[in-house]
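You will see chain A twice below: alongside chain B first, and alongside chain C after that.
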Partner chain A sequence: SRPSLSLTEIEGKLTLLCDAKTDGSFLVHHFLSFYLKANCKVCFVALFQSFSHYNIVGQKLGVNLTVARERGQLVFLEGLKSAVDVFFQTQEEPHPLQFLREANAGNLKPLFEFVREALKPVDSGEARWTYPVLLVDDLSVLLSLGMGAVAVLDFIHYCRATVCWELKGNMVILVHDSGDVEDEENDILLNGVSHQSHLILRAEGLATGFCRDVHGQLRILWRRPSQPTAQRDQSLTYQYKIQDKSVSFFAKGMSPAVL
Partner chain B sequence: MAAVATCGSGAGTTGSAVATASKSNVTSFQRRGPRASGTNDSGPRLVSIAGTRPSVRNGQLLVSTGLPALDQLLGGGLAIGTVLLIEEDKYNIYSPLLFKCFLAEGIVNGHTLLVASATEDPANILQELPAPLLDDNSKKEFDEDVYNHKTPESNIKMKIAWRYQLLPKMEIGPVSSRFGHYYDASKRIPQELIEASNWHGFFLPEKISSTLKVEPCSLTPGYIKLLQFIQNIIYEEGFDGSNPQKKQRNVLRIGIQNLGSPLWGDDICCAENGSNSHSLTKFLYVLRGLLRTSLSACIITMPTHLIQNKTIIARVTNLSDTVIGLESFIGSERETNPLYKDYHGLIHIRQIPRLNNLICDESDVKDLAFKLKRKLFTIEAEVQKGVSRATFLLDGPRKKLFPCLFQLLEVACIPWLMASSSIFRASNIFESFLCYQLWVFSASLFHF
Partner chain C sequence: VTLSEGARAGIGRELGMLDSLLSLGGLVLLRDSVEWEGRSLLKALVKKSALCGEQVHILGCEVSEEEFREGFDSDINNRLVYHDFFRDPLNWSKTEEALPGGPLGALRAICKRTDPGPVTIALDSLSWLLLHLPCTTLCQALHAVSHQDACPGDSSPVGKVSVLGLLHEELHGPGPVGALSSLAQTEVTLGGTKGQASAHILCRRPRQRPTDQTQWFSILPDFSLDLQEGPSVESQPYSDPHIPPVDPTTHLTFNLHLSKKEREAKDSLILPFQFSSEKQQALLRPRPGQATSHIFYEPDAYDDLDQEDPDDDLDI
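The block that comes next holds the complex of A and B.
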């Protein structure tokens, strides 16, 4: 889906990626390669996997993260590696993941400062990149690391103010849906981000269980949070199967395996 | 409008991701050349490590878990840089066995071990490791190095054991270059093998008494100490490539027992909303960070059945790479169920990681049972209710088929009929025919 950012739009879009009973990381890989190919400046807060994982999958999808990072197009925060740095060595300046060293759940201000610094427009002669993008994989990890849902929502709010409103860029956030497990903090987070989103992509496992040919179902929901009296939100549902280098989508019940 | 990810033109093959291993931040996810262990390598850096092999799917370097059946279910083995979480069975009878097989595999392959426990002294754990079943081929390989000295009292217990009497005198490499071994649960690993191996133990009661100044953060002191210990070993012995003095080309196998139990100082097993509810998840995150940047693999057993707060279990699962759960039949109603009489419990593959890939190696068979035979721990596809009797019937006299169908319908439970994927699971034409018949028959049964 091409994000349409015409001159009449006054803000960038917030896209929420959500997965329930399945792994929605294929959506993250898609958006990462999509925005890099669209020549956007991307700040990727990658909390879940290592850099080389995203790089190798990115190469299958046609982008080279190492080159993008060297060119300055991609600013990559590798959560796992940074956590080790923060935990075992005292840092001189505030580190984006500074909260790991703190006893009480603080706030995510250092992380926000990192994002703002990464995406701020550089005063060079020509505009190298089209628009900035913030990508987060994934937000639920911050809850596991001791942050409260409210602190994480504050972080999203600050990022949205800077990235979407001020810089007219886009945000793509992945949040897990805990489903049956009553993870209150996660539910608060998910609801909070849903209300602010323009587009929600929800990957769900099939209700009947595992199937080799259909990996899950993708629900697409368009919302307009800025207009409270908007017409009914539009939604579509597709089923998908993930392959080695791509994902194939088909209408419900139309999987090639069944037809 | 669907969001279709376009297939990239493939800028650069995946094989070109082999970066030079001399860089200080070597990650364990580099693609290694698929060479059999032991052969000479042409490139200066593609040295193969004993007991590892690259995955066929994504070139990920794998080590054996110590159970070849489990290796197969996990897509070839446990990937280096990842953590395998085992949800303990209720009475903690079978999970220690998997734990010990993992460690024994490390000794047999010549890997370095790091054993952490709050309940048992690691030295005692190592004494109780099962003995490997080495076949004659690997014995022959070994003979060339070993001084062939027949002693009159060579006939000690196992036929294999006498070869190892000469071990302590010489520097040995791995005992066997095979990937994955079988272990005899009724016998102990030879003492010489333990003495020749390189291992580090972390026994919490010993470590916690020393007064090391720790900054207060929301991890329990036991976890902090363990993380520092692991990080220290990884750095000192060069498993992450950052130590200029140490050039390590070996794998570190980390085993952590009963993580999360009250003996570690964590209260998630005692209280629903404990004071340190993030301690364990933070620990796992930092641990995974350590693993990703070093040549190590970790196995953790956790008494998840004791954890009161289901949220924590879900978060722990999300933060682990591979998760399997053991459910033993002891004390449950299934113990007397004739369907399960050959098995000791069920093994659930809860999560398989997607590493360097959009897809993962999920096995098609979801119902797996294990049994501990006299010597071996085996995993088999569980005979499912309804289908189970059918597969037995196929072997028996065919003419008794139809009367047994009625019995089958009594046994067959509705969820089986509704699960659409079960029909695809039938392996040969005859079985699929039988499944189809059952479907049609029962559908008509409910129509009057």
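The block that comes next holds the complex of A and C.
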């Protein structure tokens, strides 16, 4: 059976997506199309791929990013393009990726202010969108660009205070798990965001290696339940196969290819 | 609202070692992990302090005040003072609302209070403080706070201060964690198995051996502690990791161990019947100056020195 995440259960929540030894970007595409279809206002800090990449995949999942952007539902920060703009165009106000220009960039305040500006409720008289969502793909890129783990954690903290708490919206953040490779900063980042998360979806490659019919397994971990229960079902594990227009989930060992 | 003696004793019995956590005072480290979160236990301990009539201060850096107060009823919430470092801890909004002195300033202000009663301070979280402040500054502040009641020359008797610090183990290296651990009177490490949470409690009482205990528990929706016997699955047949394996060579009357020098001598010894090329050369060519063995014989008075060979009459 498919894991279901009903909308009412997860408002004002931070969901962490992480992948280890596999590509977890299918989760990003899923959440992007999910929230656009749910009529949410989405701010997507897309550092990893280009706009057209997300658009092509989004169309397979039934959403059109160009249209969403034009009607004001989607605010898209295309990291690959705007990183270049920081250097070659004069900006009046601080650019969200301002830290690329600065020798000792201490914090990601400009990026936070971009997010806050993108998702702040607009007094248009009618509520157009259901609730705001911040999507980030992916946070590990910020480490590669020279920010320290604590600075990135502070950025997430401020986003959480504004998006989750103040605006009662959701956040979905992707962080890669470096796994065997010793990357202390990434480990601090991953663990720090994990501790701030309500829900962790972890896509892992299979321990036995690559398989054509089972692409990996997904571990779902619920943290910070608002009502702690005596015996809570903390984590579930499913295996999955990515198809052209969807992802199919099944219990461990129950892939149709195997049965 | 104060509890009757009977009720207070009842709560004490129910909580066992977790109860004495707060009565000891000083710093209590709550070490949690991603898989086993510790904020529920922190809230349960905060609730217990509040029920005992103590004043409770929360330094909230990680969750909003609403979220922290959620689940507590109003008489507990009235006793909690929440110092909000969640909304704008780094003063990015540049408003006047920022609390002066930051979290450490707030901590010192709590301790300068004139009210002599016992106080519990909950740090949510100590990890946040450790990531944003130098470790030495933080340790000095914690030491000053938790040893406040031993301050000489203070005319007003200051009540016992308990500090509950939530520490996310994976975020810090062994150095800072070790420093905090050495400051702590009690360490509670959260863990568990198959949905059942456990707390490993290490207590350092002054002038006594440290004691440790593992307590299985769960937190009820109203944040009261429910102690349990253990996981419902069958107990593991393997030995308790806290008991070291018994060494059978400890109580023998002879020595089975070799010192380093002895071991080296043993390893370099050539066995007598091992024929090596050195031995061959030594036998073929006696080294000059090597003493051949002599037998010195002093005949007694009664000895019969017969020069004849007694074996001569043998016909072989």
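FYI, the second predicted complex is superposed on the first by the 236 of 259 C-alpha atoms of A that agree within 3 Å, B and C clash if a C-alpha of one lies under 4 Å from a C-alpha of the other, contacts with A are read in each partner's own complex, and residues count from 1 in each chain.
Rule of thumb we're sticking to: a residue touches a chain if its C-beta (ideal position, glycine included) is under 8 Å from a C-beta of that chain, and two chains touch if they have at least 3 such contacts.
Computed from a prediction, not measured in an experiment: that's the story for all the values here.
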item: Touched partner set for A:207, first chain B, second chain C, both or neither; value: neither
item: Per-residue contact with chain A, leading partner among chain C and chain B; value: B
item: Partner chain in contact with A:157 - chain B first, chain C second, else both or neither; value: second
item: Partner chain(s) touched by A:107 [first = chain B, second = chain C, both, neither]; value: second
item: Partner chain in contact with A:243 - chain B first, chain C second, else both or neither; value: first
item: Set of chain A residues, in rising order, touched by both chain B and chain C; value: none
item: Sites on chain B touched by chain A in the complex; value: 1-12, 14, 17, 25, 27, 29-31, 58, 81, 215-218, 227-228, 231, 278, 281-282, 285-286, 288-290, 292-293, 310-311, 313-315, 318-319, 354-360, 362, 364, 366, 418-421, 424
item: Contact set on chain A toward chain B in their complex; value: 1, 23, 25-27, 29-30, 33-34, 50-53, 55-57, 59-64, 79-84, 87-88, 100-105, 140-141, 143-146, 176, 178, 181-186, 201, 208-213, 218, 220, 236, 238, 242-249
item: Chain C partner contacts - residues on chain A that touch it in the complex; value: 107, 109, 112, 150, 153-154, 157-158, 161, 165, 187-188, 191-192, 194-196, 200, 221, 223-224, 226-234
item: Of chain C, residues touching chain A in the complex; value: 34-35, 37, 39-40, 62, 64, 66-67, 70-71, 86-90, 92, 127, 131-132, 168, 170-171, 195-196, 218-221, 223, 226
